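Several structures are given next for inspection.
Shared between the two complexes below is chain A, which pairs with chain B and chain C, respectively.
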Partner chain A sequence: MSAQPLPSNENDASITTIAPKEEAPTSVRKLPPPEKPSDVRRRSHVILSFWLIVLLLGLPIWWKTTTIYRADLPLEEMLEWADGKACRPVFPLRISIQATSLQDQEAQNLLRLTQHALDDLNDFAGHHLRLQLGDEKQDSADNGSALTIRLTQGEGTTAMLDPYEPILDITYPPNTIPSPTASSSALATYIASQLRTTFAEEQATISYLLSTNSMPSEHRPLGLSPETAESLAKRTTRSLKYAPTYHLTFSLFTSGSLPSSWDIEMAIEEYMKPVLDVLSPIHNFTIDTQVQLYASPGVQNQVLNKEDLSSFINAAEWPLSPSIGGAPTINFIVFVGNQTIASASQDAAPTSQSWLIPQWGTVYLLSLPGDTTHVTAATLKQPLLTFTTHLLSLTGTPESGSLPLRLSTLARIRSADLLLRASSTLGSLARLAMALPSISIPSSVADGVTKTMSHLRLACDNLGGTEGLAHARIAEAEAERAFFEKSMVGQLYFPDEHKIAVYLPLLGPVAVPLVMGLINEIKAWRKRRRERAENGAEKKEQ
Partner chain B sequence: MRQLFSFVLLSLVSFSSLLSSASAAAADYHEQLVLRPLPLSALLASFNFRSNISLSEFEAHNFRFFPRSLGQILQHAGTQELHLRFSLGRWDSESWGARPWDGAREGGTGVELWAWLQAATDEEADHKWLTLTNALSGLFCASLNFIDGTRTTRPVMSFQPEGDHLNTTVADTHLLYGVLPHEVVCTENLTPFLKLLPCKGKAGIATLLDGHKLFDASWQSMAIDVKPICPIGGECVLQIELTIDMVLDIDRSKRPRDNPIPRPPPGHELPCDTSKPYHSHDTCFPTDHQANQDWTLSQIFGRTMKGTCPLTDPAVPPVCLQVPNSRSVYHSDGVLEKKNLDRISRCFEIKPDVNFEIVLPAPEDESAVLVKPETPLLYAERSFTGHGQERGGVQTILRNPSPDTEVEFIYMESLPWFMRIYLHTMSARVQGQPSKDESLIKEVYYRPAVDRARGTQLEVRMRVPPASTVFLTYDFEKSILRYTEYPPDANRGFDVAAAVITILSPAGYNLRTTSLLCSLPTPDFSMPYNVIIFTSTAIALAFGGMFNILVRRFVAADEGPEVGLAVLKKRIKERIGGLMEKFKKNKGRKTENGVGEPREKVNNVGVETEVAKV
Partner chain C sequence: MKLSSLLLLPAALLGAAPSYAEHTSNWAVLVCTSRFWFNYRHLANVLSIYRTVKRLGIPDSQIILMLPDDMACNPRNAFPGTVYSNADRAVDLYGDNIEVDYRGYEVTVENFIRLLTDRVGEEMPRSKRLLTDDRSNILVYMTGHGGNEFLKFQDAEEIGAWDLADAFEQMWEKRRYHEILFMIDTCQANTMYSKLYSPNIIATGSSELDQSSYSHHADNDIGVAVIDRYTYYNLEFLESEVKDTSSKKTVGDLFDSYSYEKIHSHAGVRYDLFKGGAEEARRRLVTDFFGNVQNVEVDGGKGAETNSSFEEEMVKLSRTIAELHKRAEEQEAVERNVTTKTETRKQQQKKIQQQVAKPLTDDSWWTKKIVGATALAGCAALWGLGSYLEGAV
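== the complex of A and B ==
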């Protein structure tokens, strides 16, 4: 429309153009000259090469740069550990019998019968008592036996635990020695039942630990009565998590301004140190003490009820901050004041002065004359003895048996506990990795998992010994470290809307010409093929 | 000069140790409150609590007066000496005079921490410093854990240990200094502070400490100083000194708490400056200086003092008041007033379990209302110069009021890394002289910043001649931060820590300038999306154009397929018509069941052609 045509002309033109349009609109338009085949081929090559670049270069680069690094975790194995399939906790306990007064033959016979009786009594495969004959010279600690039975002739059948050594003294009347042919013997049954009572608590605790964890049912021991389970549950919730070092804080709190000093150092040295020394193979202890005046308790009642005891600690005001450096803190508080505890039974005299706070520590109420300025070591004797007993129960030491036996039991319970804890942490980590596909897993986590599993394997093989405890300890620490890896805890929030906002402005406008080009090319290619086929058919017909 | 300098230092150290050995010989705990009315109806209250623990007890973890929570942090981080400051507000030295404690117990706005750590290497010291800041952060509910590498410096000249350190340990102690000017000091920092006191806030002068009053003050500074003290011939002790200084506005404190809105006093109650020539019965120039000097302790602090802490050293009177002896002061029963020989202060000895109250009536003698404030050795103020978002300058005005004594001091700045200073522009000149004076700056210690790793440390030893004002100026460049490095309130600006001035001669004195607010160029924070969309559009345009040129075929306008609204309409109509037909046929097929479907006509409009607009 470059030139301005005359109005009449325009009318004419419009008539001439409109008329044929109504019949066949495309017939007026000229067809473009036929394309050279080389141009068509070049166009196909261009489109093909663009698509090849996008698919072979673009996509891999995009994939490589946007994937989240996830180290390979042995998920199957980890879940196996968590389910208890990887390790069957077995505590083979060797018990040596010292029977100097018996002849070898007789002793062997007695041993065989006792073992038989034991196997009959035992219903829990994980905890196994194996008897062996020990000789006099060998010390019980050297041959790795957990307990030594010393058989001596005496008036009647008695049994007594040695309070300082892991030795069970059993006396027997001479006529109870079983004959070589006897299939059962009263003495053997007696020894077996004695052993069973000695290890009953340990057995119960370990089976309780196993039952609370996700152990397969075939390893799960039966026959835990609800009462036992309940008391064990209470005891396990009371005790602190295992740590190689505990930090003990002794605090003197007074409601007024007096007393302001105490002989705590001397009192600890005298009343508590012996027990700490005994516990030293399993735990280390660091100690600090403090005096705090004008400390008002959280409850002001004169007589404290059971409900008041839990809110007695004034956490907001009392400076009881836990120690720094990783060791858990156990608090022992002597509170000087005139408050008393209401006893459960009405008629009993109010004698109780202390209570234990699970996994935290102990409070001891000490009433002193109003003008006492200095608390002597003698006054602190009763509080410290209470603290010592509570310390044992806070560390999870069993309640029955002699002290050496209780401690060796503690080591075994602790290693089982750590083993199970580390396994369940591994399981949680595996489940976490599976549940969150967009969480990144750094290689340090994979390292931690590998280390945990190797130590768990070693711990499982040496269960019951000190080595097992050490390995279980390392495994637990490594598992915790892997689980609480810093970069995994804070998962980056990267919502899908965000991705769309980033990708769409770039990919949308680029993808449209690419896709349209491809579609058109395919259409044209199909058309060409059909035309060629038609041409071929026509040629054939001709 | 260097010899002289070290001599001064030595004498300073020995002087302080002499002082401290005298105090160490006293009891294990003492506390004192000094009240000093200041001009402009202000009142300075200085609380001081000091307790000792012998080093052997400290190492055995037996804490009595020394707080256990702080003690175990110090042990864990291998800290030899610790100084922690929480400050708020500005000390108005023009009207209030010299600072309390010669400026040794105050910090710049925000939180300041410096400590001498025992460590074999620098890396170990850094590690321990990290432990220390993190632990203190938890103890004092402050963001001390944000003192990272960029906010930590190792001052060379400015700080000297206050305690007595054994010569064997001096070699491997490291001084680290960190500052958080942005930190807002508030009640949550006071509560843990009070917990460190043996008598808590339950007895003695600490009962007067109330968060509402303390943080309402015109200026306040909380200080914690831990240092070892070895008296000659005695056992070494570790001393912790807790100090709170605050300047209260008497007017504001006297307002009732339930009705705190200020109201102007009626005209006849205004104290007028009668010396003004225009003073008459209907014009009045209010005198601020003498106004409102009548107050009681309970008006100022909101409560009376509850007895004394029974642990305190009875030889030290718990409360002292610095007003001229001629002024009469009333006090409650069971209190013994002792006027000191210097005629400007008096102390009160208080029986335990007595509620202590003092009443200052309106002064009868107008000439002796206040103790005249001492003139400080140096006035310092610092401000930004320049304009724009790219460059700026810092100017510090240092004025020596003394007519005859020259002041020599160390001026220390620890600047954030995003203030890149041009050291060559640093100059000092005396007011009135146009050119810079080379002799003013004696020594410069400069440690340049490393981006995102450490801040600038600048220490300048300089002097100010008597009765003159010196301008210290330097320029800096503002750097642009990364997107994620901006705080949420980026447009507020970035706090720059106070400069620390340590006067070496004529006497030991410290002062700090106010902190500064540096505004950096802040981007529009929707920037990343804008950038994404902008670059994407550019790339898409370029790519689309190029791709189309390569792929499409160009033909004349009348050779291509027709385009336009009419064509589109027709096409849509055809499509719909086709669909309808198909639908009808489908229906018919269902009824007739078995009639062959005619082949759809293929729409053969050329698709690979483009209309070229000529």
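== the complex of A and C ==
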């Protein structure tokens, strides 16, 4: 209160101080007049109401505004997905047999025997070939079968993959048709082993994928030899992570001022477009091209060793990362110069002109006569063909079998890959939510998780088919979005000193009068009680 | 791959543990956390490491550089447009080819953690993101003013050792790195990595608890210290021993080059998080983290001609297949068109209408109305109550 009392207060004070002035002599220290009981009661009501407001309004508000919102996540289920318990990745591949020259009975019998032989050969339950009798008219793509076997009568037993369609042509001599009572047949065994050969790489790749992920061991196939595992590891290292869209950058680098133009558009149209077209159900591609003059490579040696090749790209100066859109870039570089690559074996003339950089792209060394100003499409043929092959291996396409079969295998491998990745993201998110109790989890994350799991379920049920990839793709995208939710960040750990430093200046000044008021009030109350008790005792004595 | 080998392999051989020894990309996160002219040396520290990793082949797109201040353009800089880390002023670190990803007040704890965990918005360009995967090695270099278990960012905030540890753990959970070399040059730096708990991290720092990290020397013309001792001797090793990416010097060699006499504080190294412990960690090459070593695959082996004919064949094949696909699709489309042409048109029209109508039929339209009405009614009631009470008194 200021030194000068306010008029209204003065008025109050005068009322209450009139009485003692009259009674007490001026020499004795003036005592305040006894409080009226109504004032005492009012004061305790004031203090009580302050405390009630703090406890009933302040505390809940503080609690509500400072708690971290954590949406409920189905943690158990998420971990089940991550551990591979929720989905058993099974690839039931349907294979239809077209045998027009056989009678129905014979065909059925052959099918039964072949299925037996297949089941005997198969040691990996996840990848499983199921035979069915196909109809001549039906297209192989329509009935959802991965491969069609066309049986025709011929001279000897031969097998050949059709280059254009997923069809395996098998010829057989007439006498090899098994009799209805036979329990085994050479032809059936032959077909079975052919099928197994055809799908061996796919099987190996998928079992490798499963083994590198945290799948429980009973679903994990045995029998991957170290060498196979190593070559598969190498291949998975080489191939890029799956993305729905890839950006292809074609660059022409030259150390001088020439050549300054190239027929890249025509060359792409001619030598690469067809492959991009067949890959289009799995990936989209965007393309840009550039020509850079006076570009010096990172290594100037005339003959490049293998070690030189990895530092050949002059990453500091060459503009290779366009950062266009959100798609990962695959680089294809044609470098015009007369440098050569040292061949591994000393005796042979250097034949290779290109090298592949895993997950990055390809460099092709093109030596041209010094006065070439324009690189024609014909000159670009060899580089572009190399790029095309490398593109297939960068996207993770298997290396054996006919092209249609390789592509359908790629789709299946990619959907398995996406499925596993989305599952493992779910697991990461679940473990993170448990490990960091102070991280906030907005409801959008819970939504994403629900969506991911429903699509994962659909993908898991359709793994062998075409829808599997689409669902796996959505599931993976949703899982990524949920994990990388923008608002799930901020400092997670606050030391206690920080909390004190924040709250003390704020709550200290408020808390002191509150607490002191309460203590005084309790003291006064106890004093009153004692006095009353004493008074009571005196009265009794009297 | 040889198919025959796949078939002939005995099934009894157990699956070998997949070897993860190889990484396919190298990334560097270089962070300076202090601003103002007298902290010139911290920016010089970061820029000299930036130059080194660039010299060893990491492209700018894979280097995230955070600079809170611009020393080159500071009015107190006697050599405008340049930054030097040595009094001989031989190498201009700023140069003409530098890409700063986060600068000025963008360098915050939040942005740093967002960068590591990749929790960024759609609007963030790819060049400012750490797009690593489980085959990426990352060098994380930090410098600035720190204390016991914290590093100060820009005089305004600080990152705690726990925050850093949690960020790395989130990266590990999402398989965002293969191996990390964490390097920090600040006072009491070793406390910063004491809380890390994620695997495959090698951590090193310039000074122990209660030790300062000292500057190496000052440039009298610039007027301030230009580099810290720890960074200076790291650079010395990198410049003299790791001349190019083919260098076979190991991380162990680098750590052995630290000594109290040189650095004037006890540099620390932490190996226990690394799989295989100290022995394995020390065997990693310096270029595994500072360089961009790619395991290239040279073509050839087969004759070039047979190869090319095979490739041509493939292109021809795919062309035919694409054509077949196209024809099949066209046929399908024609069939579908005949039956559903009118339907699709109707649907399209409907779609257009829906799009136009969307802002009006927003889902929360009614809720908004109700909320507004309630608020109005509440205000009216309050006013009424107030005037009634006034009248009563």
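Observations on the structure shown:
The rule we apply is simple: the second predicted complex is superposed on the first by the 432 of 542 C-alpha atoms of A that agree within 3 Å, B and C clash if a C-alpha of one lies under 4 Å from a C-alpha of the other, contacts with A are read in each partner's own complex, and residues count from 1 in each chain.
Convention: a contact is a pair of C-beta atoms (placed from the backbone, for glycine too) under 8 Å apart; a residue touches a chain by one contact, two chains touch by 3 or more.
Everything numeric here is computed off the predicted structure, so don't read it as measured data.
Applying the stated contact rule after C-alpha superposition, one finds that A:Ala315 touches chain C and leaves chain B untouched. In the superposition on chain A, contact is made by A:Leu506 with chain B only, not with chain C.
Contacts of A:Thr386 after superposition: chain C is touched, whereas chain B is not reached.
By the touch criterion defined above, A:Ser443 reaches neither chain B nor chain C.
Once the two complexes are laid over each other on the shared chain, residue contacts for A:Thr245 go to neither chain B nor chain C. When the shared chain is aligned, chain C comes close enough to touch A:Lys306, but chain B does not. Shared-chain residue A:Thr466: touches no atom of chain B or chain C. When the two structures are aligned on the shared chain, A:Gln103 is found in touch with neither chain B nor chain C. By the touch criterion stated above, A:Ser261 is placed in contact with chain B alone, chain C being left untouched. Residue by residue along chain A, chain B and chain C are tallied for touches, and C comes out ahead. Touching of chain A by both chain B and chain C, each in its own complex, is seen for residues 317, 321, 323.
Touching chain B in their complex are the following residues of chain A: 25-26, 29-33, 35, 39, 43, 46-47, 50, 249, 257-258, 260-261, 264-265, 286-291, 293-295, 317, 319, 321, 323-325, 501-502, 505-506, 508-510, 512-514, 517, 520-521, 523-524, 527.
Contact residues on chain B toward chain A in their complex (touch as defined above): 60-65, 67-69, 71-73, 76, 131, 135, 138-139, 195-196, 198-200, 202-203, 309-311, 529, 532-533, 535-537, 539-541, 543-544, 547-548, 550-551, 553, 555-556, 558-562, 570, 604-609. Chain A meets chain C in the complex at residues 123, 139, 141, 163-165, 196-197, 200-201, 204, 208, 211-212, 220-233, 235, 237-238, 241, 271-272, 274-275, 277-278, 298, 306-307, 309-311, 313, 315-317, 320-321, 323, 326, 328, 341, 343-344, 351-360, 382, 385-386, 388-389, 399-400, 403-404, 424-425, 428, 431-432, 435-436, 483-493, 495. Only residues 1, 3, 5-7, 9-16, 18-19, 22, 24-25, 54-55, 57-61, 97, 109-110, 113-114, 117-121, 125-127, 131, 133, 135, 159-160, 162-163, 166, 169-170, 173-175, 244-246, 292-301, 303-304, 308, 311-312, 314-322, 324-325, 328 of chain C touch chain A when the two sit together in their complex.
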